[in-house]
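Since the structure comes first, as structure tokens, the remarks are kept for the end.
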Amino acid sequence: MQGPLIDTLARQGVTRRTFLKYCATLASMMALPPAAGRAMAEAMAAVRRPSVIWLPFQECTGCTESITRSHSPTIEGMIFDMISLDYQETLMAAAGHQAEEARQNAMKANAGKYLLIVDGSIPLGQNGAYSCIGGRSNVDILKEAAGGAAAVIAVGTCASYGGIPKANPNPTGAVPVSDIVKDKPIVNIPGCPPIPVVMTGVLAHYLTFGSLPELDDKGRPKSFFGETIHDRCYRRPFYDQGKFAKTFDDEGARRGWCLFELGCKGPVTHNACATVKWNGGTSWPVESGHGCLGCSEPDFWDGGGFYKALSAPADPLKFAAAASVVGAAVGVGVSFANRAKKNKAKATHETITVADLEK
Amino acid sequence: MTDLQFLTWTRGPGLDLAVAVFLLGVLWRLIEIYTLGRKKDLAAPRHAPGASGLHTVFRRSLPPPGMLKRSPVSYIGGYVFHIGLAIIVFLGAPHVLLIKNLVGVSWPTLPSQFIGLTAVVTMAAMVLMLADRINKPVKRFLSTFEDWFTWAVTFLPVLTGWMATQHLLLPYTQMLALHILSAEILLVVLPFSKLFHGFTLFGSRWYNGRVNAHKGVPV
Amino acid sequence: MSASLEKGIHALKEVIDAPIASYFESCVHCGLCAEACLFHTETGDPKYTPIHKVEPLRRVYEREYTLLGRLKKMIGLSKPVTDAELDEWQELVYDSCTLCGRCSLVCPVGNDIVYMVRKLREGMAVSGHAPAGIRSATKNTVESGGPMGLKWPAVANVLRKAEESTGLRIPVDQEGAEYMVLLSSMEIVNYPEYIDALAKIFHKAGISFTLSSEAYEATNAGIQIGSSDLAKVIVSRIVDAAEKLKVKNVLSPECGHAYMAIRWEGPNLVGRPFKFNVVHVLELLDDLRLKGVLTMRDKLKDPLILHDPCQIVRRGGVLQAPEPLIRQVAENYIPIADKQKLNWCCGGGGGASAIHTEAAEALRATAFRIKKRQIEEAGVGTMVTFCANCRITIEEGFDHYEMNTKLLGLTELLAAHLEA
Amino acid sequence: MSLDAIPIQVVHTTPPGEPGLTGNAPPLLRELLEQVERLLETGVPSAIDLSALPLTPADMDWLRNALGPGEIDVTLDANGESTLSETGCPGVWWITHRNEQGAVTSQFLEVTFVPELVKAHPQDVAMGRETLERLLADL
């Protein structure tokens, strides 16, 4: 195991064994065979640092926070040490024209080879005027940057599916990356925010195998998003037994029963929280007593309320009043027509005589 | 459309639409039917105990003497599936949760195992009723497309609901979505088919009871 | 002549009302009404299912009075009711329906099917689809006063004979009498004993009564054929005569449809409440029984069962009177399972007995098996009833099945055993 | 309100009354046997990723008990502690990686003579030589 990376790491005090251990864990999380850990380590150690451009659009920086504040910055940071992060507004020292220049330079120098990471959705309303950088709209910048990228990684639910900016009524006309970039491979890493190891895992996969991991029908890496929260939830046995917490402070909640009735979206949410957990494996939402919000699924914000059970309606009385009025109006209309018809029939009644009984 | 989007649609816009069509249909049909009016009965009434519209509304819930023996399948099967549907719809936990969300009132529910069992019994009774409809000359003779269609529309929500809770055939997300969709189809079809008897039977029994009560006959 | 499909549809448009709409919308095709109809139970033919008999009415209702039906009609999705269809339904609406109303009693959603058959007949009659037998009965009643074409001199003759045999006076056209007595042609021709019996009872009770030479016929073929206009013509004679004679009560004879016509349809046909009461003879008799007037000389020993005529009991509401009266005169009255409002029709009501086609007669004979079974199950040799039309139909049935069961009229039976 | 009044309590992850054994552990012994045979015949090492399998803590305990303790325990201190323990079946190693917070990040059963991670890499050994040389030079 030799190469520029391992040397860099060694200089930073990261030992070879630490790196091997990290790769073994990463491979395990990505559901790769155990032997892949070593292969990953070998490959990554020798890799040339690819250029990465990170474009933030309509976002909250939560995705960046998630990755930079992860439990062991040196390990997660390791991956970032393997890449040449040429543009990241939040992290880079440069600002203004300098920063834009760095981006332009990186794009020119690595045309067709750089990885493009996007977080945040892209507003299309008012010609994209809702979000601009250096006087240029997000959609403009994205199109330009995607043009020379080898692949695009949409980090976070906003970039993947539009996220909160796209939530009803979507005032800015926000769309996900996949609505704009059609000719490049896109990996979606949804989550609000996404799990750090998932982000690094995808990068590691790209660095190791030179390709993107296998994706599901929503463009997410199957290795992390293959199963639902519900399928891997430690509270699942309670669901099967029909034991549900009814409020957040009842006996069921204290006993750690299933949170389905409190609106948990676990059964319909694909993510790795239940296995990878958060904050260095400390806990995750359900373990902390709160149902899954379904943040890694498209349109989770409009899924009918976080505290409404999946079997409960989102907003079923939306048209009720209007429908009742229309129904009553139709009924009254028909009623008038019927009465007119019947009265006419009565008015034109000809008294029947015996002669009317025969043809 | 993905599973979750399908489910979200059925829980959201789909349900909106179905409830809207249901309310629209019910009001329209009720007004259409009951504003046709009827003539006042000018004959001097005869009063008899137990003879009134209201009496008949309740009395017709029980088989008249001798009828249970003549058509046991219709009565027993009918009772079982109607009562079964009522138990499932009004005492199943997710349904009560739905009602609570709709109108704000809730009440205690029955264990899901019991509801599951009720669903099986209900489906068995419905299959029996279907077999009876196919076998019995009178029922087969009377049956139109609507009879088969409404049977299916009523059966599907029970089947999909049961399959969703038992985790059969399809993933929960999909089955739940199909269950809600089938219930929505039921809501949409109800006002415009014979299923509307759920509303009009009260009117019909009342009219029958009243017309005959005028003559002093408790029917 | 001038019957036409258009007139028929027009008539149906006039009579369709909220109950009919509610009934059709409620039907779930459960077929239970078939179990209550003797034409189905005895033949097993599903076409005799009561709700099926009113299918043309349903079609007209749907096309004329529902929005969806109107839309379907507009885009040609629903076919109009045709003459051929009504022709096919004639058998179902008349031959195989006696307006007995048993189906209306069992329908689980509460449909009053006989109500609908009665209304459908309005359209059938004026579209020329009423059976010839009922047509001629109606014609006779309207034109000559009674279904059998009986004229007053003949009636007067029968009354005279009754006076002779009883030695009692039978007043005619006497103003201010308490009761104006109506008869049915069948009684006049086939059961004149009824008149004797009535005379005896009135005299014993000391109640004044009279007959009207202008209105003696109680039966009303108009309601059987289903023409309210013609029924009105017939019933108006009675109303006019009763009001002219200023009687307190009009006494309906045993005949079932007569009672239905005058008691329940009458005020609705003439469009106003009556100034007199309409009383069925059994109601009067029961009243006399309660007053202690109706004491018996002796009682009939033979075991017997009662046949409750549909139009008097189930459809007419005279529910309580018959049993105490039969018990008054019979020692061995055996109540049967389906009695009172649950009784089974004789098969000849609703004008059916006036249809003399081979098919109709054969159907009536088949349907009569239910009465035969009731008699056999009870193991009796005597049956008592109180409707002239039932009596004719039942006797036809006895003849057909060569039964030697005795059939008696309740009023005559009471009169025969009346204490002098 | 005092903090204690807030009703929070630590829960067990398996429902009460559940033995927790899924029956998923015993088949692993068969797989280990195959892997051990392969190691003996060809010298090729292999591994089973325990964290990727649906094993409950009870299953893990069963497996650990079944394999029994071995002679060697290696502790690796690299961004959190890792333990590499030979089991009662020589050649079968139980490897647990923890992060700096002590949470288990991955667990493997490795079938090998000596786990790769234990061996020193030539480059590292070379660095060791430099260290030694420096030490000698400083003497």
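For reference, chains read A, B, C and D in written order, and residue numbers begin at 1 within each chain.
By our rule, a contact is a pair of C-beta atoms (placed from the backbone, for glycine too) under 8 Å apart; a residue touches a chain by one contact, two chains touch by 3 or more.
Bear in mind that the values here come from a model prediction, so they are computed numbers and not experimental data.
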item	value
Pair exhibiting more inter-chain C-beta contacts, A-B or A-C	A-B
Per-chain CA centroid nearest to the all-protein CA mean	B
Between chain A and chain B, centroid-to-centroid distance (C-alpha), Å	41
Chain A and chain C, separation of their C-alpha mean positions in angstrom	78
Whole-Å separation of chain centres (CA-atom averages), chain C against chain D	97
Chain B and chain D: spacing of chain centres that average the CA atoms, whole Å	60
Per-residue overlap in chain C, given as positions that touch at least 2 other chains	16, 65-67
Multi-partner residues of chain A (at least 2 other chains)	330, 334, 338, 342
Pairwise touch network: line, ring, star, complete, or other	other
Contact footprint of chain B on chain A as seen in their complex	217-218, 228, 230, 242, 244, 261, 267-269, 294, 297-299, 302-304, 308-320, 322-324, 326-328, 330-332, 334-335, 338-339, 342
Chain A-touching residues of chain D, taken from the complex the two chains share	7-9, 11-15, 18, 46-49, 51-52, 76, 78-80, 82, 97, 99-101, 103-106, 108, 110, 116-117, 121, 123-124
In the complex with chain B, residue positions of chain C that touch it	16-23, 25-32, 34-36, 40, 44, 46-47, 49, 51-52, 65-68, 104-112, 115, 263-268, 271-274, 277-278, 314-317, 319, 337-338, 341-342
Touching residues (chain side chain C, partner chain A) in the complex	1-4, 7, 10-11, 13-14, 16, 64-67, 70, 125-126, 128, 130, 135, 138-139, 142-143, 225, 227-230
Residues of chain B touching chain C in the complex	28-29, 32-39, 41-44, 46, 48, 56-57, 60, 63-67, 70-71, 74, 78, 136-144, 147, 192, 194, 196-197, 200-201, 203-209, 211-212, 215-219
